[in-house]
Amino acid sequence: MSVVALSRTVEPLLSVQHLTIGIPSSGGGHATLVRDVSFEVGPGVRYGLVGESGSGKSMTLKAIAGLLPRGVEVLEGEIHFDGDDVLTMSPHERRRIMGPRMAMIFQEPMTALNPTTRVGKQIAEGPRRHLGLSKADAQELAVDMIRRTGIPDPARRARAYPHELSGGLRQRIMIAMALSCKPALVLCDEPTTALDVTVQDQVLRLLAQLCDDMGSALTFVTHDLAVVSQTCSRLSVMYAGRIMEEGNVREVYEAPQHPYTEALFQSAPDFDDPGRRLAPIPGLPPSLTDPPPGCPFAPRCQYAIESCSTGSKPLVEVRHRHLSACDLADQIFGGTR
Amino acid sequence: MNRKLVSMVTVGALAVSGAALSGCASSSTKSGGASKSAGAPVHGGNLTIARAQDAKSMNNILTFDNSSIFIFEQIMEPLFTVTADGKATKPLLATGYKVSADKKTYTINLRKGVKFSTGKEMTSADVKFSIDQDTKHASTGWGFINSAIQQVQAAGKYTVVIKLKHAWAPLIADLALFSNAIVPNNYDGKTMAEFYQAPVGTGPFKWGQWKRGEYLKLVANTGYWQKGKPYLDSVTWNVVPDSNTRKLQVQGGQADIDEYPDWSTFKSLGTGSNVIAKTFPSTELDYLAFNEKKKPFQDVHVRRAISAMIDRSAINKAVLFGNGTPANSLLMPGVPFYQKSTPGIMKNDALAKKELAASSVPKGFSTTLLIPSGDASKLSTAQIIQNDLQQYNIKVTIKQLDPTANHNAQQNMQYDMGLSAWTMDIPDPDEWTSFAIDPDGGAKSAYTNYRSAEAIKLNRQAQQSVDHSTRAELYNQLQDVVAHDAPFAFLYYAPYAYGVSDKVQNFNVTPLGNYPLTDVWKSK
Amino acid sequence: MTTFSLTHRFRPSRREARPAARRLRPWYQNRSLVAGLVIVCIMVLLAVLAPVLAPYNPIKQNLNEALQGPSGAHWLGTDKLGRDVLSRLLYGARVDLRIGFLAVIIPFVVGTILGAIAGYFGGWLDIIIMRIVDVFYAFPLFLLVIALVFVLGPGESSIYLAIALVSWVSYCKIVRGEVIVARQQEYVQAARLGGLNNARVLGRHIGPNVISQAITYAMSDIVMDIMVIVTLGYLGLGITPPTAEWGSMIADAQEFITTLWWMAVVPGVAVVITGLGLSLIGDGLTDLLSPERRK
Amino acid sequence: MLSRLKFVPMRLLQAVPVAFGVTLVVFFMVHLIPGNPAESILGAQATPAKVAALTDQMGLNQPVVQQYWHFLSNLAHGNLGESYTYQVPVLTLVWQRAPVTLLLVAYSVVLMLIISIPLSMLAASRPGHVRDHAVRVIPLVGLGMPQFWVGVMLLLVFAVGTGWFPVGGYGDTMMDHLWYLFLPALTLAISISPVIIRSLRASMLNVLESDYVATARSKGAGGRSLFAGHVLRNAIIPAVSIVGVNLGYLVGGTLVIEKVFAIPGLGSMLIESIFARDFPSVQAVALFVAVFVVLVGVLTDVVYTLLDPRVDLTQRMNA
């Protein structure tokens, strides 16, 4: 699937090209979790990866961070960060950029922190290793970072152990940790899913504001359409390991160009129109070991026609910097604006 | 636990009265171990002896275990001592003695100028105190050996007169026992317990240091009355419970003498370039005792049959690896009055069948064999006997108890057959004969309940007869009677075994098991 | 279309489904379990077929062929009394496997029950049981064994009782720890809320999840029991002769270690192989019975 | 959160019933075994009359309960009585031999850690790899071989063969002790390592798959710093309780090693005094081991809470 050369405004910070991830099982067909995914994130840009569970969004993020679980490998594609392909880097080189250039925030705050070490020390670890700070300076930086995340009495909190903090506080600590070395790109793997709604909102605001302060770009993986709309400026909608639609958040929300995106919106409640009946998407996502030919959403798509289940269904720019993998996009969603 | 624990040197409680003794009986065991003398003795050096068990106490009057006796014999010396062949006595701290006509008064002259390690000279007062102390502890110690003594007087500074209750030939042999060793009068003012924490004697070595369970060290007594001796600077006994480790220590040079090698590795001990596997003639008899209180062992035919079933040469080969000799009599070759021609029962299938047929259980029976646990030789011997008896449909179950429980079971006659051993303490047979065949000798005939009027009569006569040749005749008859009645099945005479480094010269062990270190020296 | 506010959203499962590799594989695909079972079955087979396989009678002595090395007639040589080592090894398997497996049952049952009670009910019951456990933990094993060897006479019975009296403690501690952890899990609280009485909760809900650790420990416990017998043999308190048994064979060979060092190795290898089989089974079971403790 | 200062005395109080329980059981157990110290002291060739006389003299004919009461009242005054074998206060014997066994056990724990940690890391870093199976299987050989065989083999090779180490013994200075006790401690370590390796490897695998290790990796931690700082610190926790549990057992169980290497420790003293029916010595050793086991228990709990802040002492109180 070839990528349509988008008009480039500035050198992209992160460029994912034809990424394919799978589990090379010795037995029969190996499962492909992510197939031929490409996208770019410019410096300071906040980019969202949206999709249901099993859509491969989290696996893509882990591939970028180099944290793929055992047994899962990148089969094809390149991931360029700051111009170099991280996949070809040696583990040593890779470790040198993790922290100062690229950082990550995980989903489960309850287990993401080392239970046996004080949180202050865990935040200070990155700066000490990468910025060569002394123990005292690094501890001081950690306390400062905690203060910037809005946690009261940061000096005392720095001496606390993870199990002594609430989920929300711990996620703030994670943010402080990730941003302690002022990374160029922060990868977030559903950072607020485990939090309850009120805390979630504060954390998202904090994350956005800190990223702006530090000029860090964001790659935000979530299943929550509302979270994306609040946090990101540009997004991709993924389904069964492939990108269905990519575009600016405002444009995609107002005029989705792919039946799956539209179905997603249908199945989510709408604050402005509380009376609307929710329409769940019929059927099940395709199996990963033998994906259906053509468009993976065809079997569940209300507009599906014969040709949908054949062909490679590449991402095509149907509107200005707004791509869709559906051949019938124009017919279904009307002409260009 | 090891073989020594069982055959420890202890003495029966019976008072001994008998004719004067002499050491003319010939000794038939192969005497080995006279080490080649390698030039003039060299002074200095520490002799390290690796042993299986630690000593228990230095109190020569109340202590019975070999580990302790071998040590305090180097510190405290008696008036007389045993000759190298263990058959007779010779003067040590005494120079000689005269006996009165009625044989009830002995006048003993002391050696002059003998000093204790504290520098104080030994006089008759010390001798009187030492012997009286021993006599006082008859019930719980060795004192019973002096039961015939009426009174001990310090006649002059260097002469002691001993009055007896009745004629008592073995007196001099008794005075040679370590319990009659000479200690300072009144223990130099200390209590008995305090004195024996660091005993003082006239011997070649004096007290050094004792870390219980680890090592005990004696240092040379520079003021020893035999000038120029001892050759060694010090002697250290290290406690090394594992036989393999002892062997490796001697081979590795970390120890000079292995006090108790296993028979199984004894021969290979000698193959090492620097170690000699030495055997010394002993007074040890290993025997199978029958408890006549339990059926069918009151039947002499059963006992004779079983005795004839046991393949003694096989035991000697498999257990002692050929180092022992099959036993044919109650007495041992190293003991006066041993009769080589005693017709002890040996392996004889025809006799076994005949006796079994004539017995009360011709078709065989089931019984148990009691042995102390942790003793490899006894375990193997028991399994061989079990196998031999199996051929005649006598089913034997081996029962192992730890040594103390085993001894307790014997004393209370709660066993059928049992493996035991005996070693002599003084060069006179009576100590063992009374213990073994006299039911009123205090040990119910070595716990067999054997009661033979003829044997008891012979033994009593032998005790009182003064004339040597009549005593010899009486003991011969006694040995014949016991051989016929077979209260025990005599198994083998086992020599003492030592692994000795080739650097150690003049190391000899007497048939009574002790080894004076006065003349021992180490070549570089 | 309007933007969506945060209050409206739907929640998928908490976590993305784990990759396929983690699904629960049927037991026969669990390599260590299968390897362990194969080894142990071979040993059991050898033990059962001992009368057929053994070339000689294990206790028949032949003194003029004593202490021979491996030869055509005696594949593994002969011992001090000329008995065939291979035959004794095969017959020895019977004794040791029997003792190993039987000696585990009593402590396993007693320990698990007491542990479950202590862990589940807590309070005074727990404190009393744990103090008793402490006493047994601090208890010198040999003193117990010697006393029992006399009271019951040497041989298997006293060894069974001695091992039982001492090793139930480990099971109690392990099970108690597991039960305490399980008691706080939601599925147990749910069961209790569902009106189940304590016995059913313990039996049906906590039991299965907790038993895996005890079974795994049981496997290594069997090996330890065999080693106890070996040590007892070394101290002369072992199985009554002339029964062929690995422990006594090793103890008998102890005399010859510096000269015929392989004599102790042969029965030792038998103990190791059995131990290996049992440990592999233990590992395999842990994987199967408690998936979240995946190795 | 129970403060450590309050915790230790409370746990020690818990030790009193345990120590009491042990002495009670040990006292009656030892008296249960036939044969009394008199028989052992007088040896096999002593006559029943002599045995009876000495038994009387040692006051062993009194009813057992009365003797136990006698023992308890002495204990209250801190007097454990005199050894029947050595006629020396038992306490001096224990004070002389206890450090030997404690040093041996501590030394073996150090060696065990030196063996177990690298091997476990090796196995956990590549699960399922040949290396992993090797590390799981080879130490089992150590578990299967009897201690005395391993001991003598080490002596044969490293003491007699190469002369690097002495053949048994304990030495005088501290340096001597470490040199003499190396082979015995190694033998002990070989026999306990398999259990620790299995636990350490399992917990390392769990930790490696945990989220906080992924976090650490995302901060650029890798290789040694990852293992030391994050993996080991969390993985060692279960191993601590296993070592704690076995440590107490070990002190009583070093008998075989002490016999093979001629080390004057508590283990050999225990078995000697049992065979000699030296009741005061057996009591003293049993009491010492009991107190030691409890102290180790308390120490393990404190170390446990130091390593794992999530666990507070009240939880460990009645662990």
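Annotations for the structure displayed:
Order of writing sets the chain letters: A, B, C and D. Residues in each chain are counted from 1.
Simple rule for what comes next: a contact is a pair of C-beta atoms (placed from the backbone, for glycine too) under 8 Å apart; a residue touches a chain by one contact, two chains touch by 3 or more.
In this text the structure is predicted, and so the values were computed from the model without any measurement.
Common neighbours of chain B and chain C under the contact definition above: D. Of all chains displayed, D has the C-alpha centre closest to the centre of the whole protein C-alpha set.
Taking each chain's centre as the mean of its C-alpha atoms, the one that lies farthest from the centre of chain D is A.
As a whole-number value, the distance joining the C-alpha centres of chain C and chain D reads 21 Å. Distance between chain centres (mean CA atoms), chain A to chain B: 92 Å.
Annotation: 40 Å between the Cα-based centres of chain B and chain D. Each chain gets one centre point, the mean of its Cα atoms, and the points for chain A and chain D are 54 Å apart.
Those residues of chain B in touch with two or more other chains are numbered 1, 244, 248, 402, 405.
Residue positions of chain C with contacts to 2 or more other chains are 146, 150, 235, 254, 257-258.
Of all residues in chain D, those that touch two or more other chains are 33-34, 127, 148, 152, 156, 274-275. If you check the complex, the residues on chain A that touch chain D are 65-67, 69-70, 91-92, 95-100, 103-104, 106, 108, 111-117, 122, 125-126, 129-130, 161, 163, 174, 177-178, 187. Within the complex formed with chain B, the chain D residues making contact are 33-36, 39-51, 53-54, 57, 85-88, 93, 96-97, 148, 152, 155-156, 159-160, 163, 166-170, 258-262, 264, 268-269, 272, 274-277. For chain C in complex with chain B, the touching residues are 59-61, 63-64, 66, 80-82, 146, 149-150, 153-154, 235-237, 240-242, 252, 254-259. By the touch criterion given at the top, residues 1, 5-13, 50, 56-57, 64-65, 139-140, 193, 211-214, 238-242, 244-245, 248-249, 251-252, 254, 402-409, 411, 420-422, 435, 441-444 of chain B touch chain D in their complex. Across the complex, chain C is touched by residues 1, 243-244, 247-248, 262, 264-265, 268, 311, 314, 317-318, 372-376, 379-380, 382-384, 386-387, 397-402, 405 of chain B.
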